Structure formats: C-alpha cells, structure tokens
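Look at the two complexes coming up: subunit A is in both, with subunit B in one and subunit C in the other.
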Partner chain A sequence: MEPLSNRKKVLEQKPMNFWERIYLPAIFKGLSITIKHFFKRIPTVRYPEVLRPYSKNFRGQHSLKRDEEGRERCTACGLCALSCPAEAITMISAEREKGEEHLYREEKYAAVYEINMLRCIFCGLCEEACPKEAIYLDGPHVTADYLRKDFIYGKDKLVEPRFDYKKEQEPTA
Partner chain B sequence: MAEDVKFKVSIDGIPVEVAPGTTILNAARQIGGDIVPPAMCYYSKLEGSGGKCRTCLVKVSKGSEKDPRPMPKLVASCRTTVMDGMEVQNITSPEVLEARKGVVEMLLINHPLDCPICDQAGECHLQDLGYEHGLAETRYEFERRTFDKIDIGDKVQLHMTRCILCYRCVFVADQLTPQRMHGILGRGDAAEISTYIAKAIDNDFSGNVIDVCPVGALTDKTFRFKNRVWFTKPVEAHRDCPSCSGKVTLWYKGEEVLRVTARKDEYGEVEDFICNTCRFEKKAISDWVIEGPRKVKHTSVISSNHYEQLNPPAVVRKNLALQAANKEEFDRAEKL
Partner chain C sequence: MELAFFIEKFLLVTIVFVISLVIAMYSTLAERKVAGFMQDRFGPDRAGPFGILQPLCDGGKFFFKEEIIPAGAHKSLFILGPTIAIITACIGSAVIPWGQELVIGERVIELQVADINVGVLYMFGVVALSVYGIMLGGWASNNKFSLMGAVRAASQSISYELALGLSLIALLMVTQSLSLKEIVVQQQGFVNWNIWVQPLGFLIFLVCAFAECNRVPFDLPECETELIGGYNVEYSSMKLGLYMFAEYIHMFVSSALMSALYFGGYNFPFMYDLGLSQNWITIIGVLAFFAKIFVFIFFFMWIRWTLPRFRYDQLMNLGWKMLIPLAIANIVLTGIITIIKDTFF
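Our next item is the complex of A and B:
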C-alpha cells in the first residue's frame, strides 16, 4: 500500500568491504570501549553496606514512636487506617490496665497494629493523619522477602526500640 | 383563638407557616437544611430540655407584625416561641455566627481533646460543632477540670470530664424511668452528673442516656474501645421486643454486632427509645431481622466506610475449586 506519511526510510544493504569482512577492527573497537570503562568512576554503590544520601523527606518503613518516657504514643484512634488509600493498616485497640502507665501513653492503646507492606504505597498520609505524632515513615527501604505473610508487619517490627535518654535505666525490650 | 391559626415566620429569608407555640428551632427544622440552628441540649423527645448550651442562638430582627422592634439580644431558638410575622436571622447574621463561635469555645473550655480515644468520635455533635465553628487552638490557660470515670450500672460508663452539662440524660432518667436515680450535683463550675451514692441504674430504659448524650460522656461499656465508629457498618434492624419498639441500628464489624443503638434522625435524636435488653444483650445476628443498610450523610466520616453490601462476596469461601487452589498456593509458599 502507498504510505500516507512519507517518513519511512528504506535501508539499502551494501555488501561488506574487506576490513569489515575480517571483523577484527570492529572487535578491537568494541573491546577498547569496554576497557576504557575499567578506568572510569563506578557510578553504582554496594547498596546494603554503602548508602547514598537520602532526601530529607524520603518515606521508608513505618515506625511507631515512643514519647520521652518511652511509652507508646499510639492510641489506636484509627485515623491512619481511615486515611490509608491502600487499606494497608489494621489495628485492634485495648484498654490500658492499672500498672501499665509506663508502657502506654493514653488510656487506650493498639494491642495489635499491622501494616501490610505489600499494600502500602508509602504515601505518608498515615503520618499526616496521626493526631498523636505516633507514626513516621522514617525507616529504611522495606526489604524483599519470600512469603506474603512476612510482609504483614506487626508491632514487633514497627514499634521503635526503647532508648534510654537518661542513661540510668537499662533499655528494656 | 381558632385552632388552625398559623403564624408566618421567616428564617434567613425563607418563609414558613407554623402553629402558634412552636419554637424558632422547630420552625427552622420544618424548613430544614443549613439554616437549622445546631442544638446540643435541646431534645424534642424530652420535655423541658433546651436552653442550656446556647449553641442555638439566633437573632430576631423583627419581633412580630404588631411590634416590629428587633429583640435586644440574641435569643435561644429552642426556648423562644414564634410570633406572627417574626423575622429570624441565623446563618445570614454575622453576629450569630460570632456568638456561636464564642459558645463553642466556651463548651470546649473544660472538654478534653481526647477524640482519638473517645468512643463517640465520628458521631459526636461537639466534634461537628467544633469543626464548623471552633478555633484551631484554645485560649484557655488554666487546668481543665477532670474527674475519675464512674460506672453507672455495669453497662454504662460516665466520663464526667467530657460532659458539657446539657442535662439530657437527667431528663431521660426523669421521664423514662419511674424513679430518678441520677442528676446534677453541685452548682456552676462544680456541677457534675452523678448517681446518688453511686447507686446503679437498673431501669430497663436507662441505656438511652448513651444515645441522648451529645458528647462521649456517657458511653456503652460493652462497646468500649471495641472499634471506631467509622469502621463499623450501620444496619437498620428490628425484633419483636415486649418492652420497646425494637427498632434499632446495628453496628457491624465483619460478621459480629459490636453495638446496638436506637435509630437517630438527622438531628441526632432517637426515633424510639429502646430497652436495655435490645441494647446490651441481643448481639447476635440471629436475634434481629435486618432491613438494610442505614442511610448515612455523605459528609459524615461513617460514610467513608463502604457498606452498600452487607456481606461482601466471599468468593473463596464458597467456591471449592478456588479453595483447593488457594491451599495449594499456600503450601507451595510454605515450602520456600
């Protein structure tokens, strides 16, 4: 059929000359490019050991924060789960018992708090919705894994470890 | 006076004809829409309620046909009856909006900002009011008054810290039960709702104090911290109840009924008071005849939960071939 836009180029196949037919010049030309790259600066880094500088507002794995006394800030209000566009967050709340005041900041706390990292799109809306400044996406990249069930991160992975800001008490858990 | 005399009133420029003796608030409710003043303490089903919270303040710019002078101050629309030819300004008057803002700030002086914990959050009238009229920050510098939580009976919890002293629950206790067992103790700043000598309310209709409470001061202990309101699915249901009408709203999560409340209309008032058996004891699906999903305003946070279908299709659960395939898939994953 007659082409409508005359943009098509018909290639003409010329027969190879002698130097092209012995291939060696082309091989040396290619090799020289390869060898030249041995002496250039390597643009990649060895990732887990070496980290590139991250942007300040990089959003990685979530962490559930503790307050200055080491108590969990999360009060299981459900606003993160409500704002989550991917419905990745679930939680079950429980009431703080007498004697648990050093563990939980408010009278209600999240007994179970799970984020499905396969669903999470790291948009940061949970961080924005949180009225208690309890969740931040300040962790590293979420690592790969083999099983789907291992991507459901519970409180064991999400709650940040206790730090002793006073240095007197031993860090627990 | 003839029985069918109607007073012509205009509220925000919208004319309406109402019977003499109607309050401005009820006249506005006959029109409906945005011009209805909010009410925290007035409750049409409870005699004598109203006049306490002052959120329903309106401006009367023309007293009546005979005496067209405006009323000197803003009036509480739940307590002021209409006159023929009265002209009322609600949202068209900046003065009213300013006053309402002040009232909301006043109500929030002692109210704790524990909405993330409170079970009422999501269906709380004070929350709506604060969202609409409130300031972003408090100007109050003193310590808020706090109380310990009190159990009123084994099913109702009173969290006095959150109370705004609307007296609705007192009227419920007064009017629905033969002997009154709880009321207001103390006066002014020290006033608090309490039962006398911490006596348990064991009347069959005492659970209705939960429904009439506009804030989270009186809450259902069987629902305490179970789930947030907006994650549950409200469904209209009824049952044959010997002591009440049996018409309720069930609040589902998954397949279990977390909470039973009376049906509330658009002003947050219950249609029929329900008995404690319906409210606290009948929490199985088999107890109820389900009518269908409850209509929720699209502006409400509860509507963010999609519940058009009562039970979402459980494809995997019904289809045996899919079940087998699923199991095989899981087994394969386990081996890794």
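Our next item is the complex of A and C:
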C-alpha cells in the first residue's frame, strides 16, 4: 500500500557504545540537569501572602459608585439591565423624597439593585451602557459560596462605601 | 569499669541516638524540599518558617492515625518487622568514629561509642540484618504485594551485599585494618583519603549503599507502580513511620560510613597546621564529618529526584554481571599495585 504522506522515517537502532553502556555519563548529565533546576528561580506565587497583580482592565465584582459628595450616582434608568446579555441585573426604582438630596444625586434612584453573580459573565457591557458613570467592574474576584441565593448581590454589597472627601482632604491641603 | 565511664558512654549513646533520630526526621523535610527545588517549586513551607515544623506535624499525625493489624496477619511478626528495621538502623552508628578525643580536665573522652577491632565487619553484619525487618514485615502482612516486596528486598540485598563486601575487601587491603577508628586515623590530611587510592571501589560501594538503603534507583521493594507500596502496604500509623524512619537513619549511617571509609571521616585539611588546641580540632573535625555526611545525604536525594527506578532484571544484571566482576577486578588491581609498590618503591 502506498504511504499517505511520505514522511515516515525508519530510524536505525544502533547498538550502544561503551560510554552509553556504562551508564555513568548519562547519570552525570541527568544530575547536572536537576542541579540546574535546584538553583532556578521558582515561579510559585505564595498565594495568601502574595497576590498576583491583576491586569489593568480586569473586570471583577461590580461596584455602584458615589459622586464627590457621597451621593449614589445611579438613577435607575435600566440601561445596564437592558444591555446585559446574561440578564443578570434587576432593579426597582423609587422617587427621591425631600430631605434625601444628600443620599441620591438624581431625582430617581434604585431602591433595589440586584446582580445575580451566577448569571453575570463579566463582559462589562453594563459599564459601557451607564450614562451616569455609576457602575464599574473594578472590584475583586467574586468568591464562591454555598447557596444560590447568596450569589444575588444587593445594594448592601454593591454600593461602594461612603467616602468623606472633606475629611480626607484636610491633612493634605 | 568505673562509674564515670558508664556515664560517659551512656551520654554518648544518647547523643548519637538523638542525633540520628533528628537527622532522620529532618531528612524527610529535606527530601521534600530538595524534591521541590529540583522541580521548580518550594516544597512544604506552611508549618513554621521554611516548614521546619513539618516533621513534627508528620510525626504527630503518624501517632494519631488508627493502627490497623490485618486479620490474616501474623500478629507478633507484624509488630516485630518495623521494630527490627528501626533497631538495626540505629545500632549501626555504634562503631562510627564521630571525632577525635575531647579533653575535659583529666578525662579523655573518645567520640566513638565502641572502638571494636572488627568495626567494618560489625557494620556489615548490621546491614545484613536490616533486611530482616523488611522481610518479616512483608511476609507477616499476609498480602501478595507485600510478599513480593519482601522477596525483592531479600534478593536485592543478597546480590548487592556481595559486591559491597568485595569492594570493601579492596579497601581493607589498602588500610590493613578492620577498625573504623584506625581507618579514619590513617586518612589524615587531604591526600591520604582513601577515595584517591580506591576510586573504583568507592563507586561500587556507593552503588551498593544505594541498593542497601532501598533508595532510588534501587527502591524495588517499595515501588508504587507495580507493588502499590511494596512491603509496607499493610502498615499504618507509627509502624509505617518506623519503616520510613529506618530508611532515613540507614541513609544517615551509610553516609557516615562512606565519609569515614573513603573521605577521611573527621579529618579535614590542614588540621594540625592551624595551631589549634586539641579540643578545637576535635570540634571542627566533628563539624567537618557532619558536613561530609550532609553532602552525601544530599547526594542520595539528588539521585532520587534524577533517576528512574530500575527494572527488576536490570537490577539483577547490574548486581551480578557488572558490580561483582568489577569489584573482583578491583581487588586484583589493588593487589597488583600493592605488590608493585612493595617491591619497587
């Protein structure tokens, strides 16, 4: 039968010569290889103590941003939920009452804002869709959990902590 | 026999015993560390800084494991197996000269437990005994795999003891003495080390020492791939730990023996030219001896993480068809050279 690709090559088995037969040179070669590895830099990252730096455009857990006065930026327009290909985002909007101006930036805000982290594919489309620069995927990894219901992150986990600009700026200024 | 003599020897025995156990303990860690570094990783480093508490954790775990004696096993022999293994491993260190004498006040303390005039023969006997631990354990387990391991251990140690003995005979022809102390004293300085007159003998001795310790590439009695662990399949808890310990103590004792027989023991270059007092020479000598031992222990591990295991027929071929003829040739060669030296120089 004709061979399919004429690439087959029959290697000739030569009998071992004296140095190959006494086996010791081969052992020394092997030993030199292992000792070289002994002094090599070890690529291991000692995880809990040392963290590997994330790439700059890493997309992690979402955070709902506040403005410079500490008010939530989200106006519950629903564009993020609309843009989400995995349909992970849901929200219920509410109207800002009198006296809540220090809490919410716009007249409408999200009373409930939930992201299902099991559905989310971290594509970043919500970030792109948001007209108010209210949502960014700049958090850490979303960690594992035991129950499905615990993966539905509400505002308690998503809204970034209040950050007092005035207090922070005092010592530098 | 005075009381002070007893106390002195008792202390020495205790110290040697403790040192061999501690070295065996830390050899387990060192082995894993060396393995790690050779495979581009760290090895155990979670228990304490650099993992130095790892052997303690392992020991603790061994003690708290359930101890299982299989229903079909011969109970007393099953217990006797690891006992013999660890005892024979430990008593080997009795004749090794650890250093010269320490002078404390009036007393001169020899750093050797027993200077018997047939030290080499004693070592040889102890090495020959050590296979009984493995054999009894393997047979008493009433398990085919353990029995296979035990049979392999027995035949391997018989074949390699021959070459070991023959390589030693060539050495003894040079040293003219069976006392280990005498042999070490003869190797004063650097040029008098026996390795320079017996390089081939040392090579044979080294290979046979690997085989006697059941170390890679001669670890056929406990190979995982064919015998799922070999002679110690049925062992659990500290009995398994004792077998492991015995292996590492063996490694330590063989390293000590190799450095005493071929690498000058506690002798170090320029030991009398530096103008040190006797006690300092002894202390540095002991340190030098241990440095040599550690180099050998490292070499054992280095080989382990480099070479694959021999096939059984290769092992027998190497033992009977290569090492024994080579050892006999070495004896003849040594004899001829000795005669030439005696008649012409």
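Simple rule for what comes next: the second predicted complex is superposed on the first by the 120 of 173 C-alpha atoms of A that agree within 3 Å, B and C clash if a C-alpha of one lies under 4 Å from a C-alpha of the other, contacts with A are read in each partner's own complex, and residues count from 1 in each chain.
In this section, a residue touches a chain if its C-beta (ideal position, glycine included) is under 8 Å from a C-beta of that chain, and two chains touch if they have at least 3 such contacts.
This one's a predicted model, so the numbers in the text were calculated from it and none came from an experiment.
With both structures placed on the common chain, the touch criterion links A:93 to subunit B but leaves subunit C unconnected. Of the two partner chains placed around the shared chain by superposition, subunit C is the only one that A:27 touches, whereas subunit B remains out of contact. By the touch criterion stated above, A:107 is placed in contact with subunit B alone, subunit C being left untouched. When the two complexes are overlaid on their common chain A, residue A:40 makes contact with subunit C while staying clear of subunit B. Of the two partner chains placed around the shared chain by superposition, subunit B is the only one that A:131 touches, whereas subunit C remains out of contact. Ranked by how many residues of subunit A each touches, subunit B and subunit C are led by B.
Once the two complexes are laid over each other on the shared chain, residue contacts for A:146 go to subunit B alone; subunit C is not touched. When both complexes are aligned on chain A by C-alpha atoms, no subunit A residue touches subunit B in the first and subunit C in the second. Contact residues of subunit B toward subunit A in the complex are 114-117, 121, 224-228, 230-231, 301, 304, 333-334, 336. Put simply, subunit C touches subunit A in their complex at residues 34, 37-42, 45, 302-303, 305-307. Chain contact summary for the complex, subunit A toward subunit C: residues 27, 30-31, 33-35, 37-38, 40, 42-44, 46. Subunit A makes touch with subunit B in their complex at residues 75-79, 81-82, 93-95, 106-108, 131-132, 146-148.
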